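Pasting the structures here.
After this come two complexes, each holding chain A, first together with chain B and then together with chain C.
== the complex of A and B ==
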């Protein structure tokens, strides 16, 4: 427990200090890491905790992004008001779509989430008069005070820490353990008197809301949103990050996001074939590190600790 | 009409495809006793439990628990009403520790599983430790459940069922895979629960010494029908029961 507290403290200090000493490009990368990490943390409620693979999580991220984008561009609402509203709209979408998804398990769950994700994508893509279609929405400017990259980064950091803490508490709560129970043995969970579908649905909604929050931070960050945010390619990002970092660790998605985003920033500086590189990495990780980088780190630390004793 | 019976089953029928597993089974279970259902493999014992607890859908017939018709209720509803079961093949949470396994079932019973912001580790400690104590698992409470021996898994299975504070406990071969000593401890615990808190217990078993040592009433299930019923001694003397199941062992 103490070790974990120390690591969290260290990470927060790094997150506060680093942007002061690096170039603006890297500050952008840091913001991207946090936004993607929040997206992946929300995804991991469904994947690592509940044991189901959602391949349509970008739908809720995109709905959050578009809610904030539309409210800021068309209604001139301030960003701070848009964030909670984005969570609500993504939550409503997750309530409706999740109602059907949680009736299925395994590959069928994955396919239905993906199908619904694509449905959201096509609606946004086609609805020119409202969403701007494939042109997306431009001019989503954050408030004056957050226009500077560094300031926006600190804003994202604060939102990330609050949301991350809430997600952590959920993971450690009786609800979080019920999700693990469902992951381990859904059948047994029914026989101890738990309505499994209801808990899966509730979790789906929570995960959708936090994905919506991550999406809401994205628009003002790059000043625009596009339908691709909802596309299934985009749903692959949290899957990739979580597997990379370790789905059975709370910080797994964050670690995955750090590795993924840094690598992408560096590799795309040299070649346009980023997907080739990321594809190779995911194959290597799945084959040789099934519990992700944190799984490896955990094993190394445990071995050192045992030897130390 | 069925006032004294905690469980009453009327003309229960189940088939899988063309194979009829249970044929018009009638059964009554008095409150507060230990009863056993015996029969050869494939007689329909597990299916009988599966129909009572909602694991399978009933084709025909009725299941009454405390005079309430619970036929085809959802599994979690039946569990909430007070019927717990332990499975024949242990059915636990393999990645959680023994303690977390039991705590999960305790939290479910206390209806605290929707709690989103308390630390699970700070809740239900007393009840969880008590259950670990009475089932003899305190020493292994931090072990990951998936790597336990078969006997310990069965104990955990029993602890999970007891955590639900049931009024009726269904045990499907509770001592399969246990050593003689563990079998004795487990069945003594069952007896103690029956005597001290009046828990009604219905179990299936192949071990003749366990059956005749603990059951107050016996029913013999054979090819989907109950062919003999009564006190253990009566069943022991029953010719049909002898021919179909008990054989020359008795």
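== the complex of A and C ==
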């Protein structure tokens, strides 16, 4: 317990201090890591805790991004108001679409989430007058005080810590343990009187809301949004990050996001063939580190500890 | 709106359905037998189209039938690549979790997509059609691209050939049995890995062949695979995984729905297809012609 508190404390100190000493480019990368990590953490509620694979999670991320983008560009609302509204719109979409998704399991769950994700993508893509179609929305400028990369980073960090803490509490609550029970054996969970579908639906909505929050942070970060944010290819990113970091650890998605985003920043500096590199990494990770980076680290630490005794 | 017009629209939907069938047939077969959902299927299909272009490019100055040779050649090359992928990669993930299998084939789309970019560049590739398929033909007064007749024939040929393979050959029977129960098939002493390699190779052969057929329809461009893979998923979901007749019917449904809805609500054509797919998944996840045993 104490070790974990120490690690969290250490991480937060690093997150606060590091951006003061590195170049602006890396501050951007840090913001990107946190936004992706929040996206992947919300995905992991469905994947790691509930045991279902969503391949359409980018839809809620995209809805959040577009809500904030549209409200800021067309209604000139301040960013701080847009964030909760984005969570609500993404939550509403997750309520409607999730109602159907939680009736299915396994591969069918994956395909239905993907089909709904593409549905959202095509609606945004085709609705030129409202969403700007494939041009996306430009000129999503954060408020004056957050225009500087460092300031926006600290803003993202604060949102991330709050959201991460809430997600952690959800995972450790009776609700979170019910989800684990559903993951391990849905039938037995049903037998002890738990309405499995309702729990899955609630979890789906929460995951959608936090994905929406992550999306809402993304638009002002790069000053624009594009329909590709909702595409199924984008849904693969949190899946990869989570598995890279370790799906059965709360910090797995964060670690995955750190590795993924750093690698991407470095590799894209040398070559335009980032998909080739990331695809190769995915295959190597799945084949050789099935429990993710944290799983391996955990094993190593345990081994050292046993040997030490 | 007269009958001729509706008939013309029907024909274009039919052709689109056949294109979809050619892409989805292998996808459905591979999922039905191996239980692996191949995200990379359409990327392999696109690679087949590029190979067809390359062969045509080498041959067309010396041979008048260059295109007709290039299409099956593309299928054969892709079959080799498919066998290679199965032996090197897919074989390692038979017993893995669903998400690991999906991630591996997702990674394959990324890798193959970039390989296509490296080998063929980013410019569109256009095959000049031979004279016989340059002019449209008229069927009951409705104009039809004469190449589309070939596309339809090829689709029907693949459907019939696959059906005969499943119905009359020993291997076909094994494949059909494996769709129902792999454990039983292997208990009967049939080497499952060999069957898997064969099925995957056959599936990718059809994908490559379909890519070759796609190539002369328009130009071959990067990213074509991304939109068609989702439609192929829709086809397979509607028809039922692992069912040949289901895939055929599903393709025609999607093709015709697309072709007719584009008349009345052009922006909503894809949306409508997703709604149908979602509806089928919710009320009958195993599809119109599938078997519910896999739920």
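Here is the rule we use: the second predicted complex is superposed on the first by the 309 of 309 C-alpha atoms of A that agree within 3 Å, B and C clash if a C-alpha of one lies under 4 Å from a C-alpha of the other, contacts with A are read in each partner's own complex, and residues count from 1 in each chain.
Everything that follows uses one rule, which is that contacts are C-beta pairs under 8 Å (C-beta built on N, C-alpha and C of every residue); 3 or more make two chains touch, one makes a residue touch a chain.
Predicted model, so just to flag it, every value in this text is computed and none were measured.
Undergrad: Could you tell me if A:100 is touching chain B, chain C, both of them or neither one (first, second, both, neither)?
TA: The second partner, chain C, only.
Undergrad: Should A:134 be classified as contacting the first partner (chain B), the second (chain C), both, or neither?
TA: neither
Undergrad: Which touches a greater number of chain A residues, chain B or chain C?
TA: Ranking chain B and chain C by residues of chain A touched puts C first.
Undergrad: Quick one: is A:175 in contact with chain B, with chain C, with both, or with neither? Answer first, second, both or neither.
TA: first
Undergrad: Check whether A:112 is in contact with chain B, with chain C, with both or with neither, and answer first, second, both or neither.
TA: It touches chain C, and chain B stays clear.
Undergrad: Is A:195 touching anything from chain B or chain C once the two structures are fitted on A? First, second, both or neither.
TA: Only chain B; A:195 stays clear of chain C.
Undergrad: Would you check which partner chain A:53 touches, where first means chain B only, second means chain C only, and both and neither mean what they say?
TA: second
Undergrad: Let me check the overlay on chain A: which residues of chain A are in contact with chain B and also with chain C?
TA: Of chain A, no residue contacts chain B in one complex and chain C in the other.
Undergrad: In their complex, what parts of chain A are in touch with chain C?
TA: Chain A reaches chain C through residues 47, 53, 55, 100, 103-108, 110-112, 114-116, 118-119, 122-123, 126-127, 231-233, 236, 239-240, 243, 273, 275-276, 278-280, 282-283, 286-287, 290.
Undergrad: Sort out for me which residues of chain A touch chain B in the complex.
TA: Those in contact with chain B are residues 169-170, 172-178, 180-181, 183-185, 187-196, 199, 202.
Undergrad: Residue numbers of chain B touching chain A in their complex, please.
TA: 53, 74-76, 79-80, 84-85, 87, 91-96, 100, 103-105, 107-109, 112-121, 123, 160, 163-164
Undergrad: Of all residues in chain C, which touch chain A in the complex?
TA: 37, 89, 92-93, 96, 98-100, 102-104, 106-111, 113-115, 117-118, 226, 230, 233-234, 237, 267-268, 270-271, 274-275, 277-278, 281-282, 285, 295
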